[in-house]
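Should a chain be cited, it is by its letter among A, B, C and D, assigned in written order, with residues numbered from 1 in that chain.
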Amino acid sequence: MTAAIIDPPPGGDLILQARKVTKAFGGLIAVREVDLDIPRGAIISLIGPNGAGKTTFFNVIAGILDPTSGVVELGGRRMVARPVRAWLEPVTWVLPAVIIGALGVLAYQASPTAGGLIVLLALIGLIAMLLAAIVRPAWYRVLLERFGVFKSARPNEMVRAGIGRTFQNIRLFANMTALENVQVGMHLKMKSNAADALLSTPRARAEETASVASALHYLELVGLKGRGDQAARNLPYGDQRRLEVARALASEPALVLLDEPTAGMNPRETREMTELIGRLRRDLGLSFLLIEHDMKVVMGISDRVTVLDHGECIAEGTPDEVRRNPRVIEAYLGRPPE
Amino acid sequence: MTVDFRRVIRPVAIGTIALLTEYALLGTQQFANALTLGAIYALIALGYTMVYGIVELINFAHGDIFMVGSFLAMWIMTTVLGLSGPVTNLLNLVGLLSIVMFATMVGMGFIGMFIERFAYRPLRHAPRLAPLITAIGVSFILQNIISSLFGPSPVNVPQIVPLDKFAFMGGKIGYLNVFMVVLAVVLMIALQLFVGRTRLGRAMRSTAQDREAAELMGVDINQTIAITFFIAAALAGAGGVIQGLYFGSIKFDLGFFVGLKAFTAAVLGGIGNTTGAAIGGFIIAFVEVYATVLGYTQWSEVAVFTVLILVLVFRPSGLLGQQLGERA
Amino acid sequence: MTTATSKRLPSPWGRLRARARDHRSLTILAGWAIVASVLPVIVMIPPLSTFQPESLWIDGFANAGVFILLAMGLNVVVGLAGLLDLGYAAFFAIGSYAYAFGASPFTNLQIPFWPMLLVGAVVAATLGILLGAPTLRLRGDYLAIVTLGFGEIVPAVFLNASAFTKGTNGIGGIYKPELFGFQFTLENPVPYYVAMVGVLAITMVFLYRLQGSRLGRAWMAIREDELAAASSGINTITTKLLAFALGASTAGLAGVFATSKLTFVGPGQFGFQVSFTVLAMVVLGGMGNIWGVATGAFVIYTIQAVLLKELNQFFAVLHVPILQSIDFVQYQYLLYGVALVAMMLLRPEGLFPSSRRRQELHATSDDVADVPPPTEALGA
Amino acid sequence: MKYGKLGALGAGALLVFSACSGTTATAAPGTSTAPGGSSAVAAGAWCVGGTVKIGTELPMSGGETANGAPTANGVKLAIKQQNAKGGVAGCKLDINVQDDALNGVHDPQTGAKNMQTLVADAAVMGVVGPFNSGVAKAEIPISNGAGLLMCSPANTNNGVTQPPEGDTYRKTNPTKISYIRTASPDSIQGPSAADYLYKDLGKTSVYIIDDTETFGVGVGDTFQAEFKKLGGNVVKRDSAPKSTTDYTPLFTAAAALNPQGVYLAGTTPTGMGLALKQGRTVSGLETVPFVGPDGVADLGPGGTQGATITIAGAASHDVYGTVGSAHDLADNTFTAAYTTEFGGAPGAYSAAAYACAQIIIASLDKASATATDLASAREGVRANAVNSANTFATVLGSLNFDKYGDNVHPFISFYKVDMTLAGGKGDWTFVKQESFSDPNAQ
């Protein structure tokens, strides 16, 4: 099948923008100054020989690895970059406590009770700041920004910002049912907390019922209707890939990162997966970033293709442009992509 | 073999500086005490780390294997060899020590293999916590067997190495202390050579890396794991021998706490890494001696664990954890 | 799914089961009510009645309840969230001391028992979060040794901070509970028994609800694959902390209850043995299965506190000459060790493995190798 | 607390018992005469079933077997000897052994459960135990409510009996106390050792090491306070838990401060024997006196399994110890009888347990005159034992108890190790004894 190649929408409505992303492991540079733009509603493919740094680049975008340099922006907001002034963060934890504690020690000279209370207050403050540092609520991040501290978003924060992903080697929750796997994907969209669960509030129960219905819907969407009760590890390989996609969709992302979605699939399954991606873009308006080895898939579905080799971007353009690029041909050992 | 700066010279330099600093801070006497204690911890920690490296099991019975080793050595010395006090003839002493050391290490090795065969091997494919619980059970069994054989009170060990001391740098150091540290270092080097240079050592390393692949390449997994337990238990046995010689008194329940500290040492150094285990053992001993010198003996355990926690917060895989490619 | 199953099972038993699934909380409460009323009857039947009088059995059941609470709490941490905690007794200690501080002549406070249950749970949960925080980045066995360390540190603090805790002497004369003017006494174990069953039933309802909730799914997801869980939008850090907090709060409840019954607390009661015993209960019962874990706790407690202690009497009843001459009390820990090994060899998955979670903690997650753990937890 | 070879039935006690048995004795058909006993007598109607029991509540398994088992043997010996004399008023004695160790460590919870068990066994007339003060604090409220006598051979913690803390354990029946103990409280033993070291041995500086246990910390604190009061200098105070295996660094640090003596505040089973052995090897401490309480001065000769001198070996010279009882009644009768019976030297607390059994037997003998059933006999035992007007002749000398259950006339005996005794292995020799007034008199 052939998907219509669309031009990037005017006005630069970019959903994701990666600028000069570099990632080094010790002396080895896995990704070197890679730029990537993903317009809203586009399907972008990332190709390259094995070891080209595709998955590393993916993990940077997904918030799993901090880049050595470069920036990843989502909807114009800086999400991932090398940490800035990270050493200042512990200072923000300790400083208030030290100041209050010092006051307490001074006050202790005048009145032991008051001094003791102030020192206690300092301790509570310290604990509160430490907890805030762990949970990282919004006000804490604002505080950090005021100090000029930057830390990359965590994977779950990237999901919240609208990125869903699958893994190259399938990482389902093997002992949970397919339905539960999808429900986990809905985690962020659900609001009930531990107290709701303990008291089994109407809101929690309603939400739970709704989540089951919604999860069944996603299962149907990817073609797993009626498989909800099966443990994920008992599903056939192709179904596991589909289930991973359903789980990623359940978080209602704007951009889905698919790491070799058709790896290990037979031609029929591959075709179904390709169709599914096209349908999702059409029906839900989702954007996709794919890592893919199957050139048929890449060339058939992508709006634009980026080619990595030895961590460097060697070509970027429409599938046709890339197909004709001599550097790409060379990178693939002279074997021309059909 | 070329001398690689990163792998050899730097660690040696760091170690030397660290030791000199400790020496300056503690003084001769306490420095010697800490080194001696560290030698025992290190020998036991090696066993923990080897077993963990190959079967990913926290062998909680390992401390008790050390304890059984000390009793076995005591039994050999008193009942088999009929010793009761210091042996002053150097040749005799060397001969007797070699016999005791060899017999204890071999005997403990077989006990270690036996335990692995019956308590752990049947559970190799069971959920990971199952062997942990049998390890606790084995620990109970070993303690109670020893306590019914030798009684629950402390038992004296003939201190066949004379407790003479020589003056050194303003302190007095026992010949036994020197012997213990040297023995521990020799055994550690021997272990490194064994693991690094022999066929069996290669089999152990490959099994630790990927058991299935090793099996496909013709490594006999059962044999390799059994040998690992043999070596681990033999090292614990050596630790048991010097424990008895140095302190002159052993008790059926000494294994748990010594074992706990040794395990802490293994984790501190990066579990699965033999060099790390040895370094961890010495660090734990130094922390304990520090606590004592500063007058906070009752807090020494707290200090040990605080150091552990701090190290792990900043290096979640221990000091040398990444070196052997620990499987996350 | 529920409806589908109930349609397929038209038998009365099947209908009962389906109904039980639809009204789980009620079923649990009813189940506890049945168990609680049956147990006192069973122990009046020989040979159980020959071991000890009924009041002692009931007293023992109330004590067993403490361990059932502990096991159910540890199950949240180890069984559901997959975090191996070897220092669980620390939170038991914290709950116990919380009650001792709140209701003893030592502090001159006399806060009533029932609010103290809540206070103990909250204090333990807070410390659970504090102690859990530094361990968040650690995996598997590194976590185990750090929690083991906490398990040693907490009693050591209670021992050594003697100005605040009376140190090694312990705090005695702690006040007993009272309900609507009815004073609990040491002579009559029945009120403790009833109260314990009540606490257990409510805790179990709560735990089942948590397990089936969004939070329970998040715990299981983390246990199965932490990175995939984070990539599905789960905040692994708060979720893990909640597991520590809820596990610790259950231990806090157990501590308050045990202390109010014993009227004494000392630092020696919370050694590693307690943590290991509770872990053995969880593993033996079948990790992740709440009622299985509760049963495991009951079985091990009964073996430890009743059967092993009464072995002499038991063999005396049997009239086997050789066995009568052996003093089994001396060998009870040998037998306990043998029992632990034998039970694990026979049922490595536990007595009542939860069917779908049988594989848990099997996986060594080899495939994580290419992706280092999230580095942003604390201080990095 | 430790009376290894203090042994010896007070001659008076023997007379009292045989006299009692004699007066009430009438030959009972069908009752076998015990070998060596005087005669068999018919049991009174109160003695339902012909047998009553003495309970023991001690740690009997795991790491603390060494504490409990020899102590329980003391009770077994007393019962055997009494049964050989025909029991008490024709009623045979039996034992109900309870173990308060859980996973090998004494556990107050288990102790409380055991106390419930003993209370529920109507034939139990009195209980010997517990061993640990912490366990006692969980058990006294139960025995107090039930009116069952407990006699501890080993507890010394002041708070167990003495107000205000002691009152909190007797809330059910504040006037009917149910707990007595044979040992002198810490508040007597610690200071007397300090006096001895400062005045008799003339040492003005001391290093104190305790074992972090209730007993060790108790005597350590009271020793330290008294030594300072006398004008002495406490150069260092350390606490080393019983899990310690290496005491060398501790003593090395202390030796740098040049103490003239060392006080070992603790017991040999909790590490003080090892501490002595290792401390001696440290330069500077080769000849200074080491002083210990009765947990160290177990009076066991070198060679006895588990005895301090056996563990410390050649390091046992210049070791002094205090024992919380009078020396003057001591002879080797008890030790000999114990050794014959159990094939080993008595444990540290065997004699005290034997004394407790003697007190229970004597009280039961008295109570049997008026008892109508087991319950009244049990109450009679309690009332007689705690009545300060009753004086009991025991293996520890004569004992009677004040309103809190403490010995009215505590004695402290002083011993030192003589390495020439016991065939060169060393043994304790008596130095002197002192009597004190009632610790609760004020």
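Note that in this section a residue touches a chain if its C-beta (ideal position, glycine included) is under 8 Å from a C-beta of that chain, and two chains touch if they have at least 3 such contacts.
It should be emphasised that the depicted structure is a prediction, and the values quoted were computed from it without experimental measurement.
Common neighbours of subunit B and subunit D under the contact definition above: C.
Taking each chain's centre as the mean of its CA atoms, A is the chain most distant from subunit D.
Centrality by Cα centroid goes to chain C.
Between the CA-based centres of subunit A and subunit D the separation comes to 70 Å, rounded to the whole angstrom. If each chain is reduced to the centroid of its CA atoms, subunit A and subunit C end up 37 Å from each other.
Rounded to a whole number, the gap between the C-alpha centres of subunit A and subunit B is 45 angstrom.
Within subunit C, residues 159-160, 276, 330, 333, 336, 358-360, 372, 378-380 each touch two or more of the remaining chains.
The set of subunit D residues that touch two or more partner chains comprises 62, 65, 69, 104, 212, 239. Multi-chain contact residues of subunit B (touching two or more other chains): 143-144, 256, 298, 301.
Chain contact topology: the protein chains form a pattern that is neither a line, a ring, a star nor a complete graph.
Inter-chain contacts occur between A-C, B-C, B-D, C-D. Looking at the complex, you find that subunit D touches subunit B at residues 62-66, 69, 104, 212, 236, 238-241, 243-246, 248-250, 252-253, 268-269, 273-274, 277-278, 281, 283, 305-306, 310-311, 313. Only residues 52, 56, 58, 119, 122-123, 126-134, 136-141, 143-145, 148, 210, 256, 260, 263-264, 267, 271, 298-299, 301-302, 304-306, 308-309, 312-314, 316-318, 325, 327-328 of subunit B touch subunit C when the two sit together in their complex. Taken together, the subunit C residues at the contact with subunit D in this complex read 52-53, 55-56, 59-60, 63, 104-105, 159-160, 162, 167-170, 172-173, 185-187, 189, 258, 262-264, 266, 268-269, 271, 273-274, 276-277, 304-305, 309, 312, 329-330, 332-333, 336.
Across the complex, subunit A meets subunit C through its residues 55, 59, 62, 64-66, 86, 89-90, 127, 130-131, 133-135, 151-152, 154-156, 159-160, 165, 167, 169, 171-177, 179-180, 183-185, 187-188, 190, 192-194, 196-198, 200, 204, 207-208, 211, 228-229, 231, 233, 247-248, 250-251. Within the complex, the subunit B residues that touch subunit D are 29-30, 33-34, 36-37, 143-144, 147, 151-156, 163, 165, 171-172, 174, 243, 247-249, 252-254, 256-258, 288-289, 292-293, 295, 297-298, 301.
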